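Two complexes follow with chain A in common, the first pairing it with chain B and the second with chain C.
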Partner chain A sequence: MKANKKIIKYINNTNLSRFRFWFQIFSFIIFVYGSYFLIDLGQNIPTFACPYNPGSPGTCFLISIQHQMHTTWSALFSWRGVGFLTSLLSFVLFFVLFNKAWCGFMCPLGTIQDWITKLRNRLGIRFSNYDEKSFKKLSWIKYVLLVLLVFIPLAIANSIFGLPKVSHDMMSPFCQICPARIILPLFSGDTSQIFINFRSTVTLVMSLLAILVLALFFIGAFVKKRFFCFFCPMSALQYLFSKIGILRLTKVGDKCTRCGNCSRVCDMGILSIAEDVTSVNVVTDNCMMCFKCVEACPEEGCLDVKVLNFKLFSSTEEGFFKRFNPAGDSKELPPSNQKI
Partner chain B sequence: MLHTVSEDRFRRMKKTGSIHYNMEIKKNLAEVVDKFPDNPIGMQYFYKRFEKFLDGDDNSFKNKKVIASMCIHVPLELIYAVRAVPVRICSGAYSMDQIGTEFLPAKTCPMVKSTLGAIYLDILPGNIDPVLIVNPATCDQKKKMGELGEELNSPLYMLEVPPTKDTEEARRYWHRVVKKFVKKLESVTGNKITRRSLKKAILMVAKAQAEYRRFNQLRGMAPVIYGKDAILLTNAYFFDDIERWTQKLYELNNELDNRVKERKYVGRPNSPRILLTGSPSIFPNMKLPVLIEELGGLVVYEEFCSTSRMIWDTVAVDEWFLFDMIPAVADRYLKPSTCPNFSPNNDRKRKILKGIKEFAIDGVIYQTFTGCQLYDMESRMVGHYVEKMGIPTLFIESDYNPDDSGQLITRLEAFLDSLKNKK
Partner chain C sequence: MKILKPIFCSLLVLILLFTGRVNASEKIVWLSNVPPKSLKKTVSKYGMHRLCAAPIKRNMSKGIQIIQWVRSGTSVAHSAYVSIDQLKKRKFNIFCFSPSSKRIIAKLASLGGKSVLKFLDYEEGYFNLYLVTRRVSGDTLYINIAKAELLSHSCRNGHKNVRKAVKPKIFPKDIPFEIVRKRRLNENFHFNISSGDRFTYQPLFYGKPVSGILVNMNTEKGWTKKMTTDDEGNVEVQFIQDYFSKWSEVRKRRIYYYLIYAGFTVPEMGKFQNKPYSYVHYTTSLSDSYYPSRTMYLSKVWGLVIFVVTLIVIAVGIFVFRERRKKPYKEYVFDESE
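What follows is the complex of A and B.
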C-alpha cells in the first residue's frame, strides 16, 4: 500500500508537459515515418496521418470520409453504407482509447504547432489570445468545415435539390486546403505537394487557398498557440464521440476556487474549465487533452485524468508547487508534509 | 496639512493615541497568549513580533522602500519585484478607530476608520514610512477613504477594482489597472520590474503559500493549534519579512506535525469545531476568536481576508516572460478572491462549503463589523446556504469596542453549548 502511494505521488509530481513533449516526438515519428518501419494502422486513424506523405503509416479518417461520401445516394444506403459504418466504427474504436488526447499527444500537425510555440518562446515574443466573443464565434468554423467535407463529395456524385453536380475537381475538398497535405510530405523529402494547379478554375482557387491556409498556419501558430486546432474539422468530428472516450478529464467543482490557473495556461484558451463548477466531464470541443490544466491546478484532486474511473493523474498541491516553480528547482521549496 | 484640528491638538492626539495603542497591544496580546495553556514553541516568534508591533527595530526594511497596502487585492509579487517591501496596514486597533471618527461617519466600518486614524497619526506597524499607500477601491468606505489622501497628507494611491470578477471584461480591465500600477510602482521606487526580479518574487510568495497550505493541512488533520494563533500568525504576514515568516512557519509546522503524531491536542475532545467568516479579525482586535476558544470552542478554519483568502491562492504562469507573468499575478488577485464587493459572489459560499467539509465544521460564526455593509448584506445569503446544510450559524455584529464582550460571552456560550450537546 505504501509503495502504491509512493507511485501515485511520483506520478502526480511529474512534469507532464515534459513527458508530453517526448511523447509527441515519438508519435510524430510513428505518424510521419511509420511506413518506413513497416507500420500500418489502417485507413481510419483519428489524427492527421496524411497519405500524401509517403512515410505515413495509414490514412487520416477525414480522407476516408471524403472518399466514401463520393457516392450516389442509392449506393450510400445500400451495402456500401455498411462499408462506411465499419470504417466509422474502427475510427471510433481508435478514438475511444485516447479520446481527444489524439490531438494533444499524437497529432503531427499539433506537434509542429507546439514546436513553433517553443520557438516563439525562445525568442521571447509574446503570444496572443482570442477574446471571449471571438472564441465563441470562431469555434463554429470547424463544424462548418466538417459538414462541407461530408456534403461536397455527396454533391459531386449527386444532384442535390436538382442543382447541377459539383465539379469533379472538388474531390477531397478538405485535403485540397489542408496544411498537413503540404507540410507532412516535406518531412519525407517530398515537395510535390507545393503547387498551384492551373488545370481549371476550381483547382486554381483550391490550390491558391491551400497556400493561403498554409501561410496562415505558420503565421497563426507563431502568434497564437495551437492556432489551427481551432478550425480543425477532425477536432469537431472527435468531439461528437468524446463522451464515450475512456480517457477522461474530470473536475470536482466543490474543490475549485476558480482561481483561473487552468484557463490561464490552456493553449486553446478555454475559459469554461475554470468557470464551470458543475460539470464533471470538462472536455469541450476545443480541448486537446494536453492536461496542462491539471498540472496548473493547486487544489488537491480538483482536476483528474481518468481511464474510466481509475485516476491516472490528479492535481495536487505538492505537484503544483514543484512544477510552477520559476527556479525550475524543486529542491528550493520546503519539504512537503507527509500525511499520516 | 489640511486637517481640521490645531497642531497642538494633533500632537496631543498622536501622543495619547500611541499610548492607548500600545496599551491595547499589550492587553490583547496577553489575552491571546496567557489565557491558553501550552502554546506551541513555534508561536513564540510570532508573539514576539507582535510585542514589537509598532517599533521600528526590524532590520528587514532597512534601505528598502515600503509600499503600504490595504486589501488583499494589492499584488504583493509586483511590490517585491521592484525591490520594495509591502506592508499591509489594515488596522484592528480600537484606539485608532476613535481617531478615524474625525474623518468618517460614526457608523462606518471600524477597520476603515481605524486604518485611517493610524495613517493620520502616522502610527503604522513597524514604524514604517511608506512611499505609497495603495488603497484598492473595493467597498464604499475604502473608496471614500481614498479621496482623503491630500487631507491626510499621505501618498494614497487608488487601485481600481472591478465590481465583478466573473466576466472577461472585468478581467481585462483589471489587467490594465495592474499594468498601470506597475508603472506607478516603478516610478515611485525607481526600480524596473524585470523578468528575473518578478520570477524571484513569485517564487518567494509561492514558498510562503506552500508552507501556509501545509499549515492548513495539519490543522485539518487534528486539533493541534488554536485558531487565535492561526489568525495571529497570518496577521504577521501583513508586516513581517516574508522569507523569515515562511521559515518560522516551517518550524512551527514541524512542531505541529509532531503534535499530530504525539496526539497532543488543544481544546477538549468535545470542543465544537468552528468556522469563522465575515469581517476580518485583525490584531489587536482578537476579541471574537479569543472569546470563542476561551469558552471551549475551537476555530479550525477562517474564511477571512486577513487569513486564508490572503495567502491561499497561487500564481500559475505559462510563459515566464513579463507579458505573461504580470497578467498571471493580476489574475491571482482577482479571480479567486471572495471579497463581498464582487457581485455575484457565489465563490464565497462554495469556499465556506469546502471549509465545512474539509475541516469537519460543527458550527459557523459570522462576524460583521458595525457599518460593514457588504458583509452584513451577504450574511443572509451565506447564512441560508450554510443552514440548508444543517450547520448552525451564529451572526455577531460587533466592532472594535471591547465593551460588548459581556453580551458576546452570553451569546457565544449559548451557541457553543448547543453545539456541544449535539456532538
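What follows is the complex of A and C.
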C-alpha cells in the first residue's frame, strides 16, 4: 500500500508538461517519418498523418471520409457503406483509447504550433486570446468545415436538391486547403505541395486558398496558442465520439474555488473549465486534453485524469507547488533574490 | 479434353519458334544524344539544344562535328551502347540529310570502343540522321531504321528561314519506314517539347501512313506507353510529368530523353546475303528530348510569392492592430494634502 501511495504521489507531483513535450517529439517522429521505420498504422488515424507526406505511416481519417463520400447515393447505401462503417469503426477504436489526447499529445500539426508558441515566448512577444463572444462564434467553424468535407464529395457524385453536380476538381476539399498537406511533406524534404494549380478555376481558387491558410497558420500560431486547432474539423469529429473515450478529464465541482488557474493556463482559452462547477466530464469540443489545467489546479482531487474510473493523474496542492514553485516542496514562494 | 488445350498451345509455340516466325529477341537499335558516363568528359555540348559534339575549340573554321551514339534496347536510361565490332557484323547504311534536304556525309566512328555516327553541322535547322541495319534471322529479314532529328541552332548564326528549317522532312526513296513528329504552328529554333505537351506522331511506310500498327514510347524516367495508329496512321501522345522536383533537382533546363518506336511485318519473298526470307520486319525508332513542364516552376513560384506576401500582410496587420489598441501613457498625480 505504501509503495502504491508513493507511486501515486510521484505521478501527481510530476511535471506533465515536460513529459508531454518529449512525448510530442516522439509522436512527431512516428507520424512524420514512420514509414521510413516500416510502420503502417492504416488509413483511419484520428490525427494528421498526412498521406501527401512520403514519410507518413498512415492516413488521416479525414481523407478517408472524403474519399468514401465521393460516391453515389446508391453505392453509399450498399456494400460501399459497409466499407465506410468499417473505416469509422476503426477510427473510433483508435480514438477511444486516447480520446482527445490525440490532439494534445500526438497531432504533428499541434506539435508544430506548440513549437511556434515556444519561439514566440523566447522572443518575448505577447500572445492574443479571443474574447468570449468571438470564442463562441468561431467555435462553429470546425463543424461547418466538417459538414462541408462530407457533403462536397457527395455533391460531386450526386445532384443534391436538383442542383448541378460540383466540379470534380473539388475532390478531397479539405485536404486541398489543409496546412498539414503542405507543411508535413516539408519535413521529409518534399517541397512539391507549395504550388498554385492553374489547371482550372476551381483548382486555382483552392490552391490559392491553401496558400492563404498556410500563411494564416504560421502567423496565427505565432500570436495565438494552438490557433489552427480552433478550426480543425478533426477536433469536431473527435468530439462527436468523445463521451465514449476511456481516457477522461473529470472535475469535482465542490472542490473548485474558481480561482481561474485552469482557464488561464489553457492553450485553447476555454473558460468553462473554471466556470462550470456542475459537470463531471469537462472535455469540450475545443479541449485537446493536454492536462495543463490539472497541473495548474491547487485543489486536492478537483481535476482528475482517468482511464475509465481509475485515476491516472490528479490535481494536488503539493504537485501544484512543486511544478509552479521551483524552490522545492515548500509552500512558500522563493526569496526575491533567488533566480528562478 | 481439358488437358488437350495446353498441349496444343505448347506445340504451336514450339512450331512457331523453330520455323522462325516468332523472334522476339530482335533488339531495337536507336540513336542517342547521351554519351556513356565514362565518356562524358571527352565530348562537348553544342548549341541551345545541347547536341552531343566532338570537342569544340575556339575559331573552328571547319565547323562542328555532331555525334550520335548507337544504342540497343528499349530502355532510354539503360540501353547498351553498341560497340563498333558489334555493329560491323551487321549490314548497315548511314544517311544524313541537311535542313535543306541535301544528303550530306555522315560516318561511323569509334569513340572509346562505342559506335558513333558523326556529321558536320553547317546549317540551322533539323538534320535527319538515319542508321539502317539489315539482318536475316529464320525466314525474316529484319530492317531496323534508327532515326534522329537534331535541331541545330546557335543564336549567333541568326534566325533565317525558321518556318522552312523546322518543317519535318521524309526521304521515302532511301528510308522505307520512319516516324515523323508533326510540328506545331509555333515551333521555331528555340522550341522544346515539355511535359504536358500533346504531340502527334505518324509512322510512314514509303511516305504513306500505316494504320493499326503498334507504337511504343519510353521515357528516360521509365514511363512507357503503348498505342496503335488510328485510321489516319497517327498516334497522339501527351508527355506526362514524370519529373518531380526535389530541392536538389530544381533545374528548369534539365533535359530528359524519350524513345518512340514502331514495327510491323509484311510478307515479302527475297534473298539477302544469299539467305532467303519470306517476311520483312520493319522497325523504326526516333529519339528526342523533352523538358520539365513549363508551368511547374511557375506554379511553385506563384505559390511561394503569394505565401510570403500573405505572411507579411497578416504580420503587419496584426502589428498595426496591436499598436492601435495600446493606450497612451497617462500620469495621474494625487495630491495627498487635498
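Methods note: the second predicted complex is superposed on the first by the 325 of 340 C-alpha atoms of A that agree within 3 Å, B and C clash if a C-alpha of one lies under 4 Å from a C-alpha of the other, contacts with A are read in each partner's own complex, and residues count from 1 in each chain.
Basically, a residue touches a chain if its C-beta (ideal position, glycine included) is under 8 Å from a C-beta of that chain, and two chains touch if they have at least 3 such contacts.
Bear in mind the structure is a predicted one, so any value in this text is a computation, not a measurement.
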A:259 contacts which: chain B (first), chain C (second), both, neither? first
With both complexes overlaid on chain A, does A:275 touch chain B (first), chain C (second), both or neither? first
Just chain B (first), just chain C (second), both, or neither: which does A:189 touch? second
Could you look at A:325 and tell me whether it touches chain B, chain C, both or neither (first, second, both, neither)? first
Taking the superposition on A as described, I'd like to know which of chain B and chain C A:76 touches: first, second, both or neither. neither
As a test of reading the superposition: which chain, chain B or chain C, is in touch with more residues of chain A? B
Applying the touch criterion given at the start, work out whether A:132 contacts chain B, chain C, both or neither, answering first, second, both or neither. first
Please work out whether A:205 is in contact with chain B alone, chain C alone, both, or neither, and reply first, second, both or neither. neither
The shared contact residues of chain A with chain B and chain C are none
In their shared complex, at which residues does chain A touch chain C? 128, 189-192, 194-198, 207-208, 211-212, 214-216, 218-219, 223
Of all residues in chain C, which touch chain A in the complex? 244-247, 295, 298-300, 302-304, 306-307, 310-311, 314-315, 318, 322
Within the complex, chain B is touched by chain A residues 121, 124, 126-127, 131-132, 253-261, 264-265, 271, 274-275, 277, 292, 296, 298, 317, 320-321, 324-327, 332-334, 336-337, 339-340
Okay, in this complex, where on chain B does chain A touch? 166, 168, 172, 199-200, 202-203, 206-207, 209-211, 213-214, 217-218, 221, 246, 250, 253, 257, 260-261, 312-321, 323-324, 327-328, 331-332, 335-336, 347, 350-351, 353-354, 357
